[in-house]
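For reference, chains read A, B, C, D and E in written order, and residue numbers begin at 1 within each chain.
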């Protein structure tokens, strides 16, 4: 077991554990914090896979911006207590069961796939900013431009929704 | 080209009538248009069957292989003649019936006429289906707007009933269309579809249910008495006089040629159902107190005989049924005209509340009696020719069936004469007194019908000539 | 077109024209004019019939193709032409119909004079139409034309019985007559279907020639049975006779014409016409004889206890028709036709006489209120007496010969027939003279303020002519016994061409020898005279006050064996109940409920289905996930096909 | 590392996200769980990207950019997620302003 | 490309016009002008090349004649929508210009969905299509129903995006590309079928089913359509839905090879059957016309899915006819509905007597939706079921179900006709909240005439498919 593997396992366990904590914590603020940990763990995986750009972006955008926004909203609404009422027990178990079942079928389906074990997952430099940038502004310029529409609409939308009448 | 006119004249007249916004103009437009259609048709009828001039075709939806193709054959001639003859008579007879929003009423009537003409002329399955529905929609509106108290539910039931039938047919059409050799909707391609015996049976039922509902055949008839009762009588004339013939006509034109084996194989079931319906409806008719319901059940009985006769698939049954399509059409329209007048005069439809009309309205009575006896298919009325041949045809198929079916002539006499007796004879009842004899327009309309009843009853040869020799039967 | 065919169509066309003129002009023509047109049409027809009779006597016939006027129903190879057949049988009937018809028309002009103008014209229009239909019936060259006339006379009978349409009982009677006739017609119709199926045609000569060569078969038996059902209806035989007494609701001349002289004999005509077929079906023949015989006795028994003068005559008619069927059944076709003829005369006479009495008694029909009319109505009295003697079978009146011919033939077939037949004849004599006595003899029991008076001229004219005919008509059929002519009597000779085929096919019964015949005649006449005397004696002293409620058997007779009640309970009520059951239970609670049930089910489904839309996002997503899982399950674990 | 490990990891995270969506009632937490799902997808994308890249390299292609599209896809997902968060939080806040609750179980004015 | 670029630019223009133009009417006029220009531009593209030539776009967006025609249909429908419902949009809230801008962005998203060649573009297109809709749904900020609908839509939409992404990833894992043509090509040779691919396609199917609101992924639809401002419901139920269906077809047409084809048809037939049943049966009992139309739009989607079932020329032709006639009819009904006081069936009572023109047009719309001949709706249904039958005739049960559901649909559609024509108005309250202009009925009748024209002669539309 090499260092990569050890790191992989540690990161994986952290990710899964904190993900479970996200969905089980009563206090929403804890959930957010655990989610940040999950995202950090995922970013660790990115680094492990030599996708440094995405690792950084993930931390900046998700952990840094998005989750802070969440936190902000939670604080704003004063939801930082264990205020969430219990769900119907039956529904709770049914939901958990459904989630487990989904896990099972997904794994079963993909497991039959016999995807080969690719060694050296960290080789190659496609994850570097220069490579990505090149591709983004040549082959992927059209979607890149098109995301502007998305942003425009999100912007307009946020204004429409958020602005006090 | 003349064939197109048969559809286009009433169609345009209908639109003009609705647009005119005036009931008076609409009525005149309607009468003129229906007479014009009759004129055109009489012109066309002179052309012998099978002639090129009796067909018309034009590309319609190219990608589907659907054509706007029309054809007038023997049964078609009878059916179109019935339509063209009936409408002017209906217009004349209902001339004085003041309807709220009259222009819409008469306009919708004309649209229904266009649809009916189309059904009888279409030689393309898709076109046929179009007209099949086109005839239904105006009728639905006519019943629902101008009908009786329960009109909304009843005519909706009528609509949904027939609509379910026709969508089943639509499934059949689509499936068969996929199997046509040249991916077209023409009559010819449909008759050439190669089907296994099992498939034939399956599709046969899809089509037949649609037609059976329209006719209607027991036990799919329950929409009919209610619809006849609740519709304004003028519309009931169209419904019972012409519309129910759509089902019979479709059986001849489409069902038999497309499913020859299945229709022979299933003939037993169909005939049995029809004849059960005949007796069943007759027995119910005897117990009816409402004139409209009585005539409605009587119509079920008559149609049942026609359906049974058609399915015997022998010459006599076939010719008889086709002749009877015409005869029953005009006869029952006559009966409705009388009912309409009575209802308008007295406001009553219950026989138990009527009576003694003959004293004040002798002319009406005489004409009614002729109609009544045509309804019981007395010889030398037009109905006798048809019923005689039909019973004959059924007899050739099965003696037992014929004997049971023939019971209807006894039961028919019971309820028809009961109707005459309770309504016209006896002493007048004070509640529902009639003031005067029928006005000129009613008398004229009825006289026209009576003249036809007698004329075709004595000399049916022109009708036989129109039909020509059998095409559908074997 | 032969000469005769040009003449033949004139016969029915005159009454038809009369019908049209009187019918359409009923509001405009005066009563006199209507009467002239109505009777004149018949007179013209009668004259034409006489001409035709002359031609037929001279051997000219209208048969087969020659009689075709136009194609009635024709397509492909199937053809029913509108054709007439004029032969000896037809010509006899033509004479009877138009002749008696004319007299009754004349009689009616005065009998119906109280009616208003329009109704008077309506009456004559109906009457003319009836004659037209009756002529079609006897002139048709095939069964379909016969059927047209057959139903046509039914129609006219309906119209005339219900002539006074304000009275519901009358219109009920009319309806009953039509429906009962229809039951018989159904048999006729089915017979026609059989004929068409088997022979491919309905023309008499074609069918008969073919049937002769094919010989007897069960099919022929069925056909003849069906035809006989038709005859039972029209000629009021058991069990379809109940309409005829009720039919007396119509004006009396109508009863005379339709329900005595002509229409009801259509059944006899039909069987006589089909003699070849019947000859091929011996079992049917026996049935015809038995039914005829039973009817004769049964109806006569009812007539014994009736008090309505027309009812007596009506049951008597049913009974006489029974004799005619007995004659047909035992193969005495000529005898039956002979009896038709004589019966037409004397029964028309009796009815018209009764009409005359009723007229005089201001429409009082109950004999218990008559009595002693002899002195007020001499002509009616005499003519009625002749009629009664004729029907009772007193020689030399016509009824004696015709009835005798039938009874002798019945004896030849089976002596029991004769005995029963004679019993019936005795009853006939009894009730006829009961009627005569109660009406004309004794003292007047009616309202003394309205004394009866003799009827006007047109009525007595008809009575007298018919009385003469009833008295002498028998002589055209003098039996061999008197004439010693081995060829048979005049009428038989004349009709021989029509019946020769049928008679040839029949197994010949040994004709009783002359001695036997004499004895039989003597016995019957003797017994009849005795019965007559008894009847006259009994009822001459009839007093209204003495009349007790009938008890026991006579109560049954007075109530007509309760046949109407039985029919009502066994047939009509159940049918109406079934109709109710269908209409109220199966239709509304069964079929319609099922149909509406579909709609209700959808509505119900809709109401329940929408709770799936709980509004809860969590549930929505849960269902989506479950759906995905199910789809995966289907996708991965279904066999790849 | 075997690619399967990444697949398993990503799917486990994905399903945890789904379960979270199903079990929680707080709209914000549900939204966070959705973000978790997106992140698991991202992780898987990167893993596949590396897998395809490695496969292309193994096939002998030098200087290949195989697999880069997946990393770009991740980039776009993040972009979209950001936009979605902006809109989504705006909606949640709007809801909260009107009802003072973010409990989805109270969202039941619209039903049946 | 014209559609995407010009609509995006139009959106920007509208965005700014909100800053400078204060009169709502003027804003509507600008929007109408822009949409007319847009539809002309898309029409021009039908015959000739695009005005914009971007070589890089080839790998991402590839327009077919079919896609262009659908683009034309969508823009035409939107044009009618703007014209008929412009005033109602103005009444929703203050940000009229922004609403228009968002709708133009939606059109841009639709344009992407009509021509995407890459799963990335699919993803972006779907997002561009839906994010503005979240906002439009919540446009009535004070209305709790609107809020609720918006939040529900958002949560479920985001969730389905997650599902869709998982699907895309799994496909990518198996195929190594996001390009549709590459996937399609690889799938042909991939034996045995890659489990990940299969799973991915299934998840994509589920998420697309969500977008077109096919049961059992439809649950958002009734609530959202009901809660959203009525004008926007109209937009969502028509233009957006048609675009989604076409994207659905486009997505699976090339890449469903691995399912080939029996399993695919089993899955889709189940979806169709559920959709038809749920949509039609639940609609029967609704009292609100708006909610009824929401359910009916589910059932209409069921019919459109036949094209996904069949993947043949019939289906595509059918979608063009179906899309146009369905959109026009629904837009027409909603344009009336959004002006009405009472949006239950009773609100329609006696309408025919007061506004015969509007009633007539509504009747045509309703008949078209119910699939009665002589209207485009009939031919649409006819084509869809024919497509199914032509592709696999052994699914007769499905066709019969579809047709019987059409009969059931008559049950609730005709309640509108019954109310308009056969019932008398009881209350004195006016039918409409705001007075309708004189031109409104005429416009409606024009739309109705168009529907009838398609119903009688669909060739005018279909001929463009075969240039």
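Please note the rule applied: a residue touches a chain if its C-beta (ideal position, glycine included) is under 8 Å from a C-beta of that chain, and two chains touch if they have at least 3 such contacts.
Keep in mind that what you see is a predicted model, and the values were worked out from it rather than measured.
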item	value
Touch-network distance, chain D to chain E, counted in steps	1
Contacts common to chain A and chain B (chain labels)	C, E
Set of chains adjacent to chain A and to chain D	C, E
Chain whose Cα centroid lies at the greatest distance from that of chain A	C
Greatest separation from chain D - chain, by CA centre	C
Between C-D and A-C, the pair with more C-beta contacts	C-D
Chain occupying the middle, per Cα centroid	B
Mean-CA-position distance for chain E and chain A (Å)	32
Separation of chain B from chain E, taking each centre as the mean of its C-alpha atoms, in whole Å	42
Euclidean distance of C-alpha centroids - chain B vs chain C, Å	37
Whole-Å gap between the CA centroids of chain C and chain E	77
Sites on chain C at which at least two other chains make contact	599, 610, 613, 615, 617-619, 621-622, 625, 628, 632, 636
Chain E: positions in contact with at least two other chains	120, 124, 127, 131, 134-135, 138, 141-142, 150, 152, 155, 159, 173, 195-196, 198-199, 222-223, 411
Residues of chain D touching at least two other chains	7, 14, 17-18, 21-22, 25, 30-31, 40, 51, 55, 66-67, 69, 72, 76, 80, 83-84, 87, 91-92, 94, 104-105, 107, 109-111
Interchain contacts, given as pairs of chains that touch	A-C, A-D, A-E, B-C, B-E, C-D, C-E, D-E
Partner chain E, residues of chain A touching it in the complex	106, 109-113, 115, 138-143, 146-147, 149-150, 152-154, 156-157, 159-161, 163, 165
Residues of chain B that touch chain E when the two form their complex	60-64, 126, 129-130, 132-134, 137, 141, 144-145, 151-152, 156, 159-160, 163-164, 167-168, 170-171, 174-175, 177-179, 202
Chain E - residues contacting chain D, complex	120, 123-124, 127, 131, 134-135, 138, 141-142, 144-145, 147-152, 154-155, 158-159, 161-162, 165-166, 168-169, 172-173, 176-178, 196, 222-224, 226-227
Touch list for chain D against partner chain E, complex	7, 10, 14, 17-18, 21, 27, 30-31, 34, 37-38, 40-41, 44-45, 48, 51-52, 55, 66-67, 69-70, 72-73, 76-77, 80, 83-84, 87-88, 91-92, 94-95, 98-99, 104, 107, 109-111
Of all residues in chain C, those that touch chain D in their complex	610-611, 613-618, 621-622, 625
